[in-house]
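As written, the chain order gives the labels A, B and C, with residue 1 at the start of each chain.
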Amino acid sequence: MFLIPKPVGKFFHRMASPPYFYDFTGRLIPWLSWIFLFLVIAGLYGGLVLAPADYQQGDSFRIIYIHVPSAWMSLFVYVVMAIAGGIGLIWRIKLAEIVAISSASVGAGFTFIALVTGSLWGKPMWGTWWVWDARLTSELILLFLYLGVIGLYGAIDDKRTASRAVAILALVGVVNIPIIHYSVEWWNTLHQGPTVTKMDKPSIHISMLWPLLVMAVAFKFYYVIAMLQRARTELVVRERNSQWVKLLLESK
Amino acid sequence: MKNEHISLQVEALSCIRDDRVLFKQLSFEIKGKQVLLLEGKNGSGKTSLLRILCGFREPDSGEIYWCGNLLDNQYYAQMVYIGHRDGVKDELTVQENLLVSTALGFASQTSISQALKKVDLQGHDEVLVQSLSAGQKRRLSLARLLITDNKLWILDEPFTSLDKDGIAVVEALMTEHVNRGGMVVLTSHHDVQLHDIKPQIINLS
Amino acid sequence: MALLRAFIAIIRRDLILAFRRRAEMLNPILFFIIVVTLFPLGVGAQPQLLQSIAPGIIWVSALLAAMLSLDGLFRSDFDDGSLEQLLLSPHPTSILILGKIIAHWLVTGLPLILVAPLLAEFLGMHTDALIILLKTLILGTPVLSLVGAIGVALTVGLRRGGMILSLLVLPLYVPVLIFASNAVEMASGGLPVDAQINILLAMLCLALVLAPLPASAALKMSVS
């Protein structure tokens, strides 16, 4: 802990107090939303209008501007969820627990989008909606892992207990994801499926690349906004008996 | 560790369950040779408090100290808990059940047959637990108190399903334990009559 | 050596219990056999076809049988309060849990291995492939018990935990399924399978060391 500079530590200490968190994120979200809007418009304009069509895939490649950032986010959010869950488990910080569970549904959403867009992209490429491509298969298993987390949280009535369960499961999942990922990839190379042109070609032209990166950043902002909004709701529901929530409700 | 120095200290403990505050800012301390009796209506948080003392539940705030330290293996080596459920296996014999209990803790001076004699179950060593009556099962689970080396007894309604004789047996065990310097925390609907020991009482409702 | 005594006492207790509830012990094995029998009825009994999908069939059925048997791991202990006593032991919970998992594997995983040759014969598997199948089962089924223990530990307190258990556990079983069934498939083609066997061995070591920790944390959560 002593490696963390003092102001940062102070910031996190203050953020761990629910009223402060609620107030601070309430003021933060509009800013984040504007930045998100700006980035997503720029990214989409760059990706759908400015970037040239692919010489092999024509215009259908443009779906990567949604697909690839979602796929990146699906993994990223799971890791964030596991880290937040771990923090909540070890230091018993309520807000970390809430961040963990609020991330789950957002992450599942990203995973689902990555799957749907992957299959939409596959239709013109492979002629079928689904092939057992390594990426798609990994994403599908990741979706199951997310659904397990959400299902477990829903099944346990006491929400503090449920948060601990979710944190344990997310940590187990995060250890397993690389193993699952590599085993699926290995499985895929053995069972030679249709030869697929990989989506993340190493040599992507810069005019195609920058909108992708912009979209990736935009998706990160979207995640933070959606997660914070869920977290705020969850926080109010859990703390409905505390003084600050009562004051909040009276002032509204 | 000398018996006189053992202490269980609870500081500003709060427990909230399903939006209901069961207790708030509860503090107490008990030492060796003391008995703490928790009273209160059904649902007043007696069992929750015992489960917090066992470390099963997290208190919503507050701390528990055993001999000045937070609950650690030292504590678990010196406590026994008898809950609503007997914690004995129906398909095992009386003796097999107690052997497992001894192995899970640290064995005391009292042998299994001595313990069974004290709870009036002598001669039942080889009997399957499923053929015991509810009261006998209860006494079997109470025999666990004797076979491990311990200082603190946490008993949740120890007199349930016991008849008059059974209750007298348990009271005698508690008196003996306390006179040896041990401590007891219990809940009970019955009056607890311990020979010249006056329990501290905390009313939770 | 009090810890070792406790560890052995737990294994011994669970083995005695399993022996006295013999009828329950048979269920996963029967399930395993029946599921495998259903495949020829479902996909047709052409020997060529069956032979080519045999490794997958056997392993998927083993996976399901292992998952079904998991519920018995902590259920009765949870119901009668023995689990609370286990958690109150001054010994490290994860070691005691490991004892329970080992006992559980001995009564549910080991029988699967013993009936596997019969099923391999049903599906027309070669002897070379059978030997590899047994090897993968010996290395793979303990992993299923260990990883599955985390899932049951998380769901043992729930009334309708069965469905959610499969959602939690099956995705985590994917790597075992991939490497084990692939090894058997390769072996029936006469190819070397050392890599797969080594990977399974690595998974087993990893699961042995790591799985009891989240399982004991999850059990503490479940009794609260």
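The criterion applied here is as follows: a contact is a pair of C-beta atoms (placed from the backbone, for glycine too) under 8 Å apart; a residue touches a chain by one contact, two chains touch by 3 or more.
None of the values given here were measured: they were computed from a predicted structure.
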Touching chain A and also chain C, the following chains: B
A-B or B-C, whichever has more C-beta pairs in contact: B-C
Distance-to-centre winner among chains (Cα means, whole assembly as reference): C
CA centroid of chain A to CA centroid of chain C, Å: 32
Rounded Å distance, chain A centre to chain B centre (Cα mean): 48
Centre-of-Cα separation between chain C and chain B, whole angstrom: 37
Residue numbers of chain C (touch at least two other chains): 224
Multi-partner residues of chain B (at least 2 other chains): 58
Of all residues in chain A, those that touch chain C in their complex: 89, 141, 144-145, 147-148, 151-152, 155-156, 158, 161, 164-165, 168-169, 171-173, 175-176, 179-180, 183-184, 186-187, 190
Of chain B, residues touching chain A in the complex: 16, 19, 58
Complex interface listing, chain B residues touching chain C: 51, 54-58, 73-74, 76-77, 79-81, 83-92, 96, 99-101, 103-106, 144
Chain B-facing residues of chain A, complex: 92, 160, 240-241
Residue numbers on chain C that touch chain A, as the complex places them: 150, 154-155, 157-158, 160-161, 164, 167-168, 170-172, 174-175, 178-179, 182, 203, 210, 214, 217-218, 221-222, 224
